[in-house]
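Structures given as structure tokens follow.
Next come two complexes, and both contain chain A; in the first it sits with chain B, in the second with chain C.
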Partner chain A sequence: MSGAWQFYVATLVIYGFVYIIAASGLNLQFGVTGVYNFAFIIFQAAGAYCTAVLTLGPSSANGGFQHYILGLHLPFPLPLLVSALVAGVLGVGLGALTVRRLRADYLAIVMLVISLIATGVVTDYQGLFNGAAGLALIPQPFVSVTTSLVVYDWLYAAYAGVVCLLVLVAVRVLIESPLGRSLRAVRENENAAAALGKNVTALRLLVFGVGGAIAGISGSVLVAFAQAWSPSSWLYAETFVLFTALIVGGVGSNLGPVIGAVIVPVVLAEGSRYLPQFGPPTLVPSLEWITIGVVLLVFLWFWPRGILPERKHTFLPASPARPLTPQPTRGLVGKNLDGEGGPGR
Partner chain B sequence: MQSLALYVGFGLVTASILCIGAVGFTLQFGISNLFNLAFGATMTAAAFVAYIGNAHGLNIWVSLVLGTLAASLLSFLLNRGIYLPFRRRATSRFTMIMVTLGVGIILQFGIEAIWGGDDFSYNMSTGSSVHIAGMLFTTTQLTVIGIAVVATTAVHVLLRYTRLGKAMRAVAVNERLARNCGISVKAVVDSTWLLSGALCGLAGIVLVMDVQVLNAGSGDDLFVLIIAAAVLGGIGSASGAIAGAVVIGVVAEVAAGFINPEFKDISAFIILAAMLLLRPTGLFSSVATAKEVAR
Partner chain C sequence: MSADRSPAGPGAPLLAVRGISCSFGGVHAVADVSFSAPAGQITGLIGPNGAGKSTTLGIVAGAIRPTAGTIDFAGRDITALPSYRRARLGIIRTFQMRGEFDRLTVLENLLVAAPGQRGEKISNIYSVRRTWRQQQRELVGQARELLDRFGILDHENAYAAELSGGQRRLMELARALMAKPRLLLLDEPMAGVSPAMRDRLGEHLREVADGGVGIVLVEHQLPFVEDVSGHVLVLAQGRVIGEGKMSSLREQAAVLDAYLTG
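Presenting the complex of A and B:
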């Protein structure tokens, strides 16, 4: 492959890993626990901004053309870890706003409004993260290793892959643990979970925190590669893309977020790159969004459980003394995401 | 205090626009038990229909009626064609949010695909400036306030004194009981979508008449404040939506102008966050409580 092609493929691979990390964080919140966090993207943004201001030098550098807080110039692994921590704490904080248990769709639109207002706040406050223009020239980690741009890209892709793998393993361990069972119990029936002695509020705050930290990690990995971050990088529609990715891939399943993240943001959003340029410059990106919207509606109508539906969790005894009658699989899992009753409620 | 009055005046104009939209949005939720996130894009679509009429030489007020009717019809069709079929399948509430948001995204970017990212404006005069008690308005802005007052009064009269309005309120509080009392819920829902769609379109068009700029994202920017106003006032309550619109509109403009432009979004956020913690059902909470939006 030529250098340009390798550069392009490596960039796609890195973006793919970033989306997989983010989608698995959202899957933990939305798919496993049933927390409808429509402000998910602001935690990715928090991680990205945090990494940016921790790796950049003081604000007065580069002729002071951009204004921001901190500017600590910390070495590589620290910004990533601090970003995860900050985004996690922010997650718990915003989650605490919803401790008064809100109806699923009410919570979703409230979080949506919070996400939009947060974009407005960061845009308005010039001194925080340089307002609408955003931050640029964010230093990349391990640039001293190689001088070749292509080699560096593949190196970074490997780093993103390792981070992605660690996150996937961690989420998998969490979901399959007894704690994961409690989280699913909260999703299926909050009152029943509470009656069994589960602290529903604490569990929800926990996934707000852990999911937020994972989103922060995705933002950190993304910004250290892209080297720039502005309010237009984290519009509310990005959250919509991640939710669509989960619904297409399979809500609550282990591999669903991976498949969904590859199909929706990477293939659908990058697919337009191969369309011949036609019409005004906004036409192709608009068609891209319309495609994502149509794909979502088609999946919700025909395959609401996604490509890889969540496996039904059953607890068979090791050696059944009496034959178990198989239950129809249309029970608790998947079909009705709110764990609600029928229509008209 | 001279300038405080000035910004209260700006706030009243914003509040009037918010009022029209918030009443429409809250009615849709009250009667259909559904948050229609395509509302913002429908506002933009109405404003563009009015723009087409206006650009073809129609008077701005005729265009306004045209755009309002278009939004009314579009909302009705969205409910009948997409939302109702999904709901008949017992689609969960959260999934309905994804459905309406998906429709909104398709609409918004459909508009952008046609008109691109450019700014447009109506061919109309803003009129002369008028001073009232330290506040400064253009005659267009006074008309906008007038339209809001007339529209919300009309909705109030409809809900309070007509058979249809009583049926709407009955469906909002308890759909099953209303059905058992012989109310045709289907007819009520259809008329609600026609009415709220008209309010939605009206809000989008008067917004553009006020700010003089129309682009594919126009409706969405206002929609955030509309949701905030409707949630603050108590989702589902028309009087609540009016109260919420006045609070959000006036506080945001006063904070932006009188204190610092940076406070515009912050103030809306603080109001909303405080409300969620203290009284998540909003100021006028009868419908919100009946629909169990928060426990």
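Presenting the complex of A and C:
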């Protein structure tokens, strides 16, 4: 593969990992807990901006061509960790404003409005994150390791892959735990969950925080690679790309976000690049959005549980009935919560 | 079942409802209702449709806020507590409709109800995994015993949405018991349940009450209420119009007018 192709493929891989991380966070909120956070993308943006201003030097550097707060020039991995924390706290904060008082559908509307307001504020407040022009020349974390651009990109892809794997494992353990079960109970029937002693508001705030932190991590990983971030990077429509990815992959399942993030933002969105130019100049780029919208509708109508639906959580039979030898069908059946083969879906 | 938690004072009822009222858009769903429910007994709550029975249960459970009145539980004023806090004190309700977690299995529906699960704290999930998994195995065993008692163990891996109406009522009862209640609020638990199972359920409920749990039972099937309840309240148009033993209620003119003769 030529250097240019390698650069292209490595970039796609990194974007794929970033989308998988983000989709996992959204899966925790929407898929597992049933929270319609239509402002999800602003938590990715929070992580990205946070990493940017923590990694960049003072605003006056480089001739002061861009204006922003902080500029602390912190070493890796501090920006990543602080970004996750900031996005998580932002999640709990916005959640506290909204979750307590609003039902699911109204919450969705309010979060969408918050997303629009956030874009407006960041665009118009020049001194915060350099307004509409956004931030550029954000330092890369591993430049001292290699001078080869291609090697660097693959190294970064490996780093993004490790972060992605850690997030996936952490989310999986959470989903499979009794806490995850309570979150699913809240999704299914919040009144019944409350009647069994579940603090529904606290559980929703928790996923706002954890999901926000995961979104922040995705933004941090993305911006340290792309080295630039502006309001056009996180328009509200990006949230719906992630929702589409979840619905296509499988809402609430562990691997659904992985499949969905590969199919929707990577294959579908990137695939439009390869279409021959025809019609008015804006037609082909618009086709990307039209395709995503059509795919979303088709799945909602015909395949609402997605490609990898949420699997049934079953438990090993009581010990006398426990099989002494491994089941020959293992691998074809669902896994139960004890991590062994059991009657799956 | 309840002895490990603080008891009500000597002679005090487990639940004391005083003068609760609730209106929806000018309609008095419940008006100045007072009653008490002792531990270890089944208190019946009957009345025609729209009498305010489910609303009364909802108010006691904390799902509906009363416009007036107070509710004491085990000697403590709980009027201001949200429903999840009341549940944690041991007040567990079942629902007349839609009380299940549809896309959770029957077994999982029960597991959700178990109080004090270590794996429900995010700080424990990653640190003491072995501990909460051990606890979960024990809870699975308890849940299976309950499902067996209610005759739905075969359905443990079915989604709750796949159960018949009667099976759902049984699952909800089993789930309520999984929560280790001190006061059970049952909203028409017999609806859709087969006659054979009805008799067994009656026995189960008496056993539960004998274990010290107070039960408030809303039910339309009067023979069943008569069978299991010592004390019965009759509600009509949001008010208590009679109370006592079923046999004596049958002789009260107001009760007959409002309800029993239909």
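Quick note on the criterion: the second predicted complex is superposed on the first by the 308 of 345 C-alpha atoms of A that agree within 3 Å, B and C clash if a C-alpha of one lies under 4 Å from a C-alpha of the other, contacts with A are read in each partner's own complex, and residues count from 1 in each chain.
Operating definition for what follows: a contact is a pair of C-beta atoms (placed from the backbone, for glycine too) under 8 Å apart; a residue touches a chain by one contact, two chains touch by 3 or more.
These figures come from a predicted structure and were not determined experimentally.
Asks: Taking the superposition on A as described, I'd like to know which of chain B and chain C A:Phe240 touches: first, second, both or neither.
Replies: first
Asks: Classify the contacts of A:Trp289 with the two partner chains as first (chain B alone), second (chain C alone), both, or neither.
Replies: Touch status of A:Trp289: first partner only.
Asks: Touch check for A:Leu102: first (chain B), second (chain C), both, or neither?
Replies: The first partner, chain B, only.
Asks: On chain A, which partner's contacts cover more residues, chain B's or chain C's?
Replies: B
Asks: Considering only the touch criterion stated at the top, classify A:Val121 as touching first (chain B), second (chain C), both, or neither.
Replies: first
Asks: Check whether A:Ala185 is in contact with chain B, with chain C, with both or with neither, and answer first, second, both or neither.
Replies: The second partner, chain C, only.
Asks: Would you mind listing the overlap between the chain B footprint and the chain C footprint on chain A?
Replies: 337-338, 343
Asks: Which chain B residues qualify as touching chain A in the complex?
Replies: Residues in contact with chain A: 34-35, 37, 82, 86-88, 90-99, 101-103, 105-106, 108-110, 112-113, 116-117, 175-176, 224, 227-228, 231, 235, 261-262, 264-266, 268-269, 272-273, 276-277, 280, 291-295.
Asks: Help me check something: in the complex, which residues belonging to chain C touch chain A?
Replies: 61, 63, 82-84, 87-88, 92-93, 95, 98-105, 107-108, 111-113, 115, 117-122, 125-126, 129, 132-133, 136-137, 140-141, 144, 157, 159, 175, 179
Asks: In the complex formed with chain C, which residues of chain A make contact?
Replies: 170, 173-174, 177-179, 181-182, 184-185, 187-189, 191-200, 206, 210, 310, 312-315, 318, 337-338, 343
Asks: Which stretch or stretches of chain A touch chain B in the complex?
Replies: Touch list, chain A to chain B: 36, 38, 97-98, 100-106, 108-110, 112-114, 116-118, 120-121, 124-125, 237, 240, 243-244, 247, 280-283, 286-287, 289-290, 292-294, 296-297, 300-301, 304, 336-338, 340, 342-344.
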